[in-house]
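The letters A, B, C, D and E name the chains in turn, as written, and every chain counts its residues from 1.
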């Protein structure tokens, strides 16, 4: 057994996939970064190009692509890392030949949807025929896992937007909305070339894909389009939430300014008037009158009231 | 009678559509989510592809598309849900073959324009020939229903814009305008692929469409273009309304600041002066003069007036 | 005489257009919404497609297009409504066949440039040969009328921009600039498909257009391009005017804040100091000194001056 | 001599350009708006199309283009008006046939680079062969004059940006930066079709251009691309300068607000306290105490200090 | 030895590159601006086009391009200047023929990755066959050096973003983020045509590139795409940092305004009340009461408290 214990192998005999490396049919090898030697062994057995192997082993995230090496395709696909709040895209590398399918991930936790395919094979469920059909089963599940993640993000944003409307005072709110908008844009941008990759499968232009399987890849493409649209909606919703937040802030500041104006209007003339009658001049009109004080207070109230009325009429409060 | 009571069936005999499933002519089946079994029965009778049936039964909104299965087309179209204030797009699925037309909606309330086609058939009105002609009648009515909805939104926006100009104080105004802008953008984006679908019908590139019907689909395309333009206008109008709102707010804040400046200008020097003559020093010039008080008040008024003049000259009020 | 009195008819005999419906040459019919019956009569005589007639009679503004019906073209062109301040685009419908040219407008006041063509024919001026040549004469004049309208808008905007620079206090200024930007964008968007229509005429791809006339349509295209560029310039100029307006407002607010700061700086410490010496304590240092008052006033002035100096050094005024 | 004295004529004999209209070789005519009659004479001699002549004589700026009249090309090129601070684009019209090159400008001051070509011919310097080669010499010099103008604009912007950073108080600063951004955008937009024109020359798709000259036009294209990039950089730099300016303003306003808050904090409680001890109640605690005044002043200072400390801890100054 | 001492020359004998100009195999000449004469000597020996030599010698940065001169290619590539904080792009000019490879830089410090290739040759490491293979080795290393530079910029931005979140008061922060955004955009724009150049090598459309080397250029293209994506992410991150900064500023200003409102609320009524009881009227109610002073102070505190409560309920602090 030349492979690491982690390498899962399946062989298709008479249209049914059976566990293990058997004779007489196409095979599926499922590897991860823990099976480096297995990958190198497969590379030499099937003559896989060193640049493709380099792409697998490199820790950087690659842009999705199809490299056509004549007798097999090297396909870079994206999968979402499970268990994170914000979607993180990871690389899923695929070698697809008429006689073999190799799926490779750096981290075995990436693309747990592959385990779903394994379980389906174990239960003897029917899958699309051929190695291209098996690749479809993997791709379909990986892509199906995207929309729920985007929906979850969308619901988070809705919750934040509700906090915004309730006038939440937490200063970090707008920042979290900004982050979500950025994430949505970044995921969309990173995923864009995947649309092109899947479209090539769904247009029947790859000779390795059987005609009856083409429409199935086209179905995956439809799902990807929906994810793309949902991400664009998310960016738009974040935009609205941010603008609402800023306009709420602006409104509040406005209200504060108005109250300051009114309080100032009520107080300042009063201050001046009491100041006048508080000076120590020998002769100040009215100081010795019986009604002097009452007139002064009345005048103060009247001035405040008329200023308040003036401000109100201008629509300030 | 193998179908659910809700399935409406029509047969075209000698160029006239008659109710019921008759022999010798193409048929129209109109179903909804309530007729699931009917759809499955039709799928097996006409050999409809399971992926297309899956698209029908899936509750998610699909992107408009044409799937060409050789002997028939599967077309995803959009219709507007009736009775909502903001347009909500719903899916209308269509199978179009030379011998059959199947229209399917999840919710029977979607696309009530189909009822209009039914009534036209009942009244014996002429429709375009063939199943493609009948599909045109459905599509034409569905698309004709879009523009009035967009116009209604546009009128709502105009009403909001008028409130904005009248200086309405309701803080939710800008938010509603924001929502409308978002909705217009979202509807436009969702509808964009429908333009491509209808254009393919209107360019005569589908062999299932008779040459004399092509120009009719081109007419539907013109209407869709108009809807698209109207939605873009709406976004622009919302942009203007928002900017007007913000600049109105800004102007008001400005006005408040100016009045505060003036009130401050009138009051502060007066406060200082009265403060000076209110101190209890033994010797303060002018306290015992007969004209002291009058001079002080005059000085206060003069200072306030000259500051007011200075502010006015700088254009502050 | 089967036509409404308003229908103008011309016939081309030996290369010269003569008034009336004569025998032996191609004809021009110029109609408007007031000649509905004439249009229907022409439709039946020349076999015009009902969808094209529907487009003529529909009150909605159509997107410019060319519908090729084989033996004739149906062309939707735009004209500017005369006499309005802001350009309003209206529909001019044209049927162009080798033997006839039909020009149709809903409102006879639309496209008064057609009257110019009529006058030119009356004066026996030479026009380009053929019905396509006559269509060129109409189109050339209609398009030539666009640039002056856009230039007028541009001059209006310049006048508004000057008011902005002079610091005009009218709150509606920014709104009018916003409206102009919106109009320029909307006209440009609506006119965009007309560029495509004229380009097809100017590329010689329509068999109905004689080779020697092609370059003339290309000339019309050049003019349309210039209009398009002028509208984009207008949007840019409006953008500058708006930004200038906002920055002017901002600068003014800033100035007001600075003066408030200075006035506050001068007044507040003085208020505190006079307050101290205005208290009624039995023992306050300096109250009974001969120089007490002078020292206090000097201290107040000194504090105000040093604060003013501090503010000045920070660049606040 | 049928031409205006201003028309410059050259003839190419045995590969060398000689002044005057000589026999036996291709000719170059260089005209301007002052030589209207010369242009008309040339038009009739070489059969130039009236629409092209109309384009020359029209005072409006044309969009760059190539009109292919079979035996000759009519090319509209742009040149920069010399001596202005901001680049102003003007039209240079060119007729290019195998036997003649005609260069026409409305204003003889436009495109002084042509004088450079004349001087080169006078000095007997080698130029690229053929009329297309001579056109290259003109075009190369015209386009070479663009980059220095854009660089000068860029340096002006840098100077403005430095003033912005130094906190210059001139309110017109942001406006000048806005104008430069607008100019850069407008020049770029106007020049865009010139790229297409030169690209057609540099791709060898015009039969009038000799194969060995094609790469020379491609070199001109490279220079135009560089100008285009420089203009886009300029717009970006202007964007940064504007944002820096706005954020500088914002920061200053912030600082002013903070100082106002501090001054207010120091003054207001003191005002209240002195007010309390300035009232004329018969019984005010402490008024007759020996330490009353000292306690009050101490309390005032303590309150101001603690408020200042509180503000400082919140990071306000 | 006709070359400057700085020119490095290699010859490929039997598939191995050896130092020096030997007979019988393709050669590599590595030159810089210090070897001007060497470049001219090579130009005359290999018949290099004068325009290409002019491009090499010109000090301006050229847009990346491929000029196909039939027997050899002239390629303009970009390299990053080593040792600067912000990436600066410099020109690397390459002549690629079946029998020679010439690499030219103005400044010998540009593209130090070439030294890496020299070291690899010295150590006898295998390189891709042919002059195109050697060009790949150079291009691969040059492009591999880009991503670390962009990552370093990204980390700098993260550090700045952290300072922003910590509320750093340095006014230059937003400016530095603005500069980084501008740099990212400018580098991306300048590098964009390089993607096109490398794509042409990676699509196998250049006959000078051996089929087995094509996939290697495609690998370089993948890396460039990743750099492009990283630069776009950087712009987005800068956008978020800027918005966070502005919203932080805004929040602080808001807080200041609220505290001012509260301090004003507490102080102004108190000022008015003490002013009233500080006037010198003969008859002021309560002045001679035993509880007058206590009532006044209580009223002042009560008013301040109720205003504070009112402000708090409106969510102002």
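A few comments on the model shown:
As a working rule, a contact is a pair of C-beta atoms (placed from the backbone, for glycine too) under 8 Å apart; a residue touches a chain by one contact, two chains touch by 3 or more.
The model shown is predicted, which means the values in this text are computed figures rather than measured ones.
Looking at subunit A and subunit B, not one chain touches each of them. To fit its Cα atoms onto subunit E, subunit C must turn through 145 degrees, a value rounded to the nearest 5. If each chain is reduced to the centroid of its CA atoms, subunit A and subunit D end up 40 Å from each other.
Work out the mean CA point of subunit C and of subunit D, and you get 25 Å between them.
Within subunit D, the positions touching two or more other chains are listed as 253, 257, 260, 264, 271, 275, 278-280, 284.
In terms of which chains touch, the assembly is arranged as a closed ring, every chain touching its two neighbours and no others. One ring covers every chain here, and the order obtained by setting off from subunit A toward subunit B is A, B, C, D, E. Those residues of subunit E lying in contact with subunit A across their complex are 147, 165, 215-216, 218-219, 222, 225-226, 229, 232-233, 236-237, 239-240, 243-244, 247-248, 250-251, 253-254, 257-258, 260-261, 264-265, 268-269, 271-272, 275-276, 278-285, 311, 314-316.
Contacts from subunit A toward subunit E in the complex involve residues 49, 51, 54-55, 60-63, 65, 67, 69, 167, 169, 171, 174-175, 178-179, 182, 185-186, 189-190, 246, 249, 252-253, 255-257, 259-260, 263-264, 266-267, 270-271, 273-275, 277-280, 284, 286-288, 290, 292-293, 296-297, 300.
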